[in-house]
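These notes are about the structure you will find just below.
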C-alpha cells in the first residue's frame, strides 16, 4: 500500500521513545522519495489524460494519489524533524563533542545541522551578560553544595580544575571537587556522584 | 516542575541557627546575614543553615510550628474541615523533610513530628484528589485553591493539566467545523 | 575578606526612576523564572533583569578572586552565586526550549510586533531563533523537500510546527487584586461568569483568560 | 619525623591545599580514610583518593599524581620503608604517613623536611637514637670530610643543600646496611614486625581535637576491631578499647537527656560483649557453629563437641528459637539474649565476653563492630567474578558509608567465608594436615580444596590461620604446640603457578611482635626462591616449585 | 523535568493534529480503515464511533480511578493495571506515575543526586547489546 514505507520510518522512531537516535535510514528515505516520484509521474499522466481526453473517472485516483503524496511528505518531514529533536538532545546531554558511535548514526546533513546548532547555541551563550557568557547547559539541578564527592567510573584522562591545576581521572579513584566542574562528566557517565 | 526545584525555593525560608564559630556580617546579593557569634542564635536561609549543619558548624533551631502539640492540633483541624486549612508554613513539607533528614539530632521528638506532618500531608492530598475529581466531573472552568502549597500543587500538576487537555480534545472533537488545520486530513 | 563584596551592587538601573536593590532584582528574576516555567507560551523577554543579574554575579566573582583560600565568607558567597546562577540558567533554558519548540510562531509574532510594543525576544534570542529557523529549513529542504515533486517542495512552517496552546490550564497566585475576570464556559450548557481575584488567593484556570495579567505582573504563575 | 601536634602540624597545613590520599586496602585504613574524608568535607578541602593494594600500586599511584599534588597522605602504608628512596620525590613533595606498620623505617623517623609521621610516640616504638645509627657511620667514612660538620643533621634536611652528596650518602648507607646487617641496634629494631595504634584512632583523635567527632566514632571502633580480628594486635586491644569506651560514654552521656526524644534514625552506639559472629544476622545456631571462640571451645569438629553443643543449646533455649533467624526470635528472648548466653556458657567455656561495641539506627539496623569488619573484609577480598582490587576497595568503602545494601551483601559474603573457614579448619584437623616442622607448624591447602580460592587473599588466609591454630591447640595433646607459630600456604594464582604464604605467632605469645617478614625475606634470599612481597603486610607470593626449598630454609633459619 | 532533553512534538491538543507529531501520524493511520475515498475530511478517531459524547462521559467517570491508581501504586508492579486502560488513559497514567515517582525519590532524598543522563545510559546498554549478539 502507498505510504507504508513512510509510515515505517515514523514507527521506527516511535518505538524508541526514550529519545535514542537510531541509524539514519537512508534506504527508507530513498524509497519514500521514489514512491513519491512514481505517484507524481502517474498523476501527471492521468491529469493530462483527464484534461485532454476528458476522462473524469480518473479524478478519484488522482486525488487519492495526491493524498498519498501529501501523507508521504508529512511522514518524511516528521521523521527528519523528530531526528533533529533527538540530535538536539545529544548536545544537551553529551556536550558538544559526540561519541563516535553516535556520530556514526547521523547523516552528513544531520552532522551539518548539529554543528550549526552547536554554533548558534554557543554564540547565544557567549553573548549573555554583555559578552560575559553563561553556559546554560550546566546547572541542570538545583545546587546543594559547592563541592561533591565523585567516583571515577572509567579511565578518562586529565581534567582541568578552574585554577589551572589538573587532576587525573582514573577508574575507581575518588575525588572531592567543585560541583559545577563535575556536572557534565557525571551526565556523560564518566563520574558518579557519591552521596553518603 | 521537579520536587527538587520546589525544595530549592523552600530553601530560601529563614531559620535560626546557633553557630559554633564567629564571623562578621556578610553582604550577600540577596541581603545581609550575621554577624555570627558562637552560641548566639542568628537567622539565616535554610540553604545556608543546612550547609553549616552538615559541616558541623552550627545547630539548627526548629521553627516554632515544628512542635508536637501544635501539629496535633493542626492534624485534627485538617481532618475535621472539608476545605484546606491554613498551613503554618507554605513549605511545611519541604522544611520538615530537610530539617529532619539533616538535623534530626537538633529536633526533639523528630519521629513524632515526621509522622504528624505526613498525616497532615496525606489528609490534604486526599482532599486535593477529591477536588480534582469534582473539578473534572463538573467540567469547571475555574477553581479557587487557597491554602494549597506549591509542593501539593506540584504532585498533581502534570496529571491534572494533562487530563484537562485531554478533556479539551475530546470535547472539541465533538464540535464539528471548528478546525483550521488542513494537514490533519493526511 | 573586606566587607564590601557588594558595596556598589545597588547602582543598577541608575537611569530608571525606581532604583532596584540587588535583592529586589533577584526576586524579579525568580518571578520571571516561575512564570516562564509554567506559561504555555513564550513571555516577553526580561533581558534587562538578566543583564543586571549577570553583572552582579560577575562583580561578585571578581571580588572573590581576590580573597585568600579558605575564607569562610567566600564559600557562603559562592553558594549564593551558585543558587542565582541556577535560576538564571534554568530561566534562560526554559525560554530557549520554547523558542526551539515554537520557532516559526515566535519569529512571526516578533515580526508583526507594533512599534513600541515590548519585544518578545532578546537580541541574542532573536539571533538564535533566526539561525535555528534557517538551519532547520535548509536541512529539511536539502534532505527531502528539494527531492520531492515540484508541487510539494515547500511546507508552511507556521502550520507544520505546532503553536503554543493558550487554552491550557495554569495555577496562579494573585499579587494585585483584579475584578470582573470573565470565565468562559467549558460546555454548551454552562454560562460564562465573572470572578474577582483577591490578593494572595490562588486559582486554577485557563491561561488565555489571565495571560495579560501575567505580563503586567498582577498574577504569578505557580 | 614524628608529628606531635596533629592539628597544627598536619591538618592546618593541608587544610587549604589539594591533597592526594593513598589508602591501603585494609579495613582500618578505610575507616581512617572515612574519618579524614568527613573532616575534609566539613572544611571543603579538595582531595583525590586512590586505593593502593601493594608496593607496586603505591609506586604507580605516586608517579601518576606527583605532578599535580605536593601533599600526599599515606594511610597504612609507607612507614616501614625508606619512602624517599623508594619514590624519589621532588623536594617540595610532602608526605604525611599514618601507618600502623612497625618498625618505622629510621630514615623516615629522622627526615625532618619531607616525611611527617602521624604516629603516636607513646606506642612502644623503640626507635634507635639518631646518633647510634647514623653517627658511627660518619666516623667510619674517610672520604667525606666536607660533610662531617653537618653530620648530626637529619638526613632529609641536608638533602636540600647538597643533593648529590645526600644521594651518595644514602647509597653508601644502603650498602652498609646490607653488609653490616648484623649490626645489632638496627637488627634488633628491625627484626620484629608488629602494628601500632590504629590509623582510624589517630584520625579520630584529630576529629576530637577539632570538635567534629560525632559521626566518626563508629569508624574508629571498626578500625580497632579490624586490628583485633585480623590478629594485628592482641593485648593492645584491651587498652585501646578502653580509650574508645571513654569516648562512647562521653557521647552517650551528652545525649542522655535527649535520648528519649532523639529520632530513631539517629545512630546510637552501645557496649556489647558477646564473642559470637554475626549472630544478629544469622540464627543463633549458625552463629555459634561459625564463631571461632565457640567452635574451638566445643571442638565442634568432633562428635563429642557436637554433643556438647546440643546439650548447651538445649539447656539454654527451645531449639526452635535457636534455629530460627535472629530477627524472628521472640522479643523477650532477644532482649535478654546476652545474659542467657553468658549464663549457659559458663559451664562450657571460660569467658564468652569480650569488650566491643554495637551500632544501631532505624528500626532494624543493628550491627556489631565485628559484623562490620567481617562484612567489609569479605567485600575487600571478594573473589567473585572478575572484579579487581580497586573495585573491591570501592565496594568495601561503600559498605562503611551507610550504603546498607552493600553492607548486607558484605554480610552475606562474610557468612560464606566464615562457613568455609570452619569447614576447612575441621577438615585440616580431621585429616591431619597440620604438620610440625620443628620450629613451627605448617599447613598447606592444596589446589582443589573446597573454597580454596577464598584463601588466596591475605586477610582471609590470616583469619583461617588464626582459627586453625586455636582449634589445633585445643585438639592436640601435645603441649608444645602452644609454643609454635603456624605458617600456612595456599594457591594464589594458578596461571602464574604461585602460592601465598602467611604466618602467625604462637598461641602462647602475648606480645604482638612477629618475625615472619624478615624470616620470609631471608629464606627466599638464601634459596633464591622467586617471591613477590608486594603486600603491605608480611604475606608473600611464592612460585609453587620453590615452595619446598623455601620451607627448608625457613626451618633452618628458625631452628 | 529538565533532565530529559528530548522533547518530541506532542500530539495536537484541540481539534487539529500536529503535522509533525509521530503520535498523531500513527493514530490517524489507525483510523484510516478505508483508503479508497478521495477525501478524508477529519476522520478523527472519535468519528468512527457515533456515540462519541459517551467517551467524554466515560473519561470523566473513570477519571477518579485513573488518578488514584496512578498516584497510589506505591512501587508496585503496575503492568496489570495499565493493561485495563485505554491509550489516552495510559498516557495520563504515565504522567501521574512520573509525578509520584518524582515525589517519592525526593522524599528519599535522591532528587539532589546528580546522575548520568538516561540517554547516555541507554546508549551504553545498547552498545553492550551490540557487542553481545
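Which chain is which? They are A, B, C, D and E, in the order written, and residues in each are numbered from 1.
We take it that a residue touches a chain if its C-beta (ideal position, glycine included) is under 8 Å from a C-beta of that chain, and two chains touch if they have at least 3 such contacts.
Keep in mind it's a predicted model, so treat the numbers as computed, not measured.
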Query raised in the report: What chains touch chain A and also chain C?
Result: B, D, E
Query raised in the report: From the centre of chain B, which chain's CA centre is farthest?
Result: D
Report summary line: Note, CA centroid farthest from chain A's centroid sits on chain D
**Report entry** Identifier of the chain whose CA centre is least distant from the whole-structure CA centre
**Finding:** B
Report summary line: The pair out of B-D and B-E sharing more C-beta contacts is B-E
Query raised in the report: Which whole number of Å gives the spacing of the CA centres of chain C and chain E?
Result: 28
Query raised in the report: So what's the Cα centroid distance for chain C and chain D, whole Å?
Result: 60
**Report entry** Mean-CA-position distance for chain B and chain A (Å)
**Finding:** 36
Report summary line: chain B to chain C, mean C-alpha position gap in Å, rounds to 23
**Report entry** Numbers and ranges of chain C residues touching at least 2 other chains
**Finding:** 57, 75, 79, 83, 86, 90, 93, 155, 159-160, 165, 167-168
Query raised in the report: What parts of chain A, by residue number, touch at least two of the other chains?
Result: 67, 70, 74, 77, 81, 88, 140-142, 145-146, 179
Query raised in the report: What are the residue numbers in chain B that touch two or more other chains?
Result: 2, 4-5, 7-8, 51, 54, 139, 157, 165, 168, 171, 181, 183, 185-186
Query - Chain pairs that touch, as defined at the top of this document - result: A-B, A-C, A-D, A-E, B-C, B-D, B-E, C-D, C-E
Query - Contact footprint of chain A on chain B as seen in their complex - result: 2, 4-5, 7-8, 51, 54, 183, 185-186
Query raised in the report: Residues of chain A touching chain D in their complex?
Result: 146-147, 149, 151, 161, 165-168, 170-178, 194, 196
Query raised in the report: Which chain E residues qualify as touching chain A in the complex?
Result: 2-9, 19-23, 25-26, 29, 35-40, 109, 111-124, 126-127
Requested in this report: Give every residue of chain C touching chain B within the complex, in rising order.
Outcome: 3-7, 9, 22-23, 26, 30, 37-38, 56-57, 60, 72-73, 76-77, 79-81, 83-84, 86, 90, 159-160, 165, 167-169, 171, 183-187, 190, 195, 201-206, 222
**Report entry** Touching residues on chain C, where the partner in the complex is chain E
**Finding:** 90, 93, 97, 101, 155, 159-162, 165, 167-168
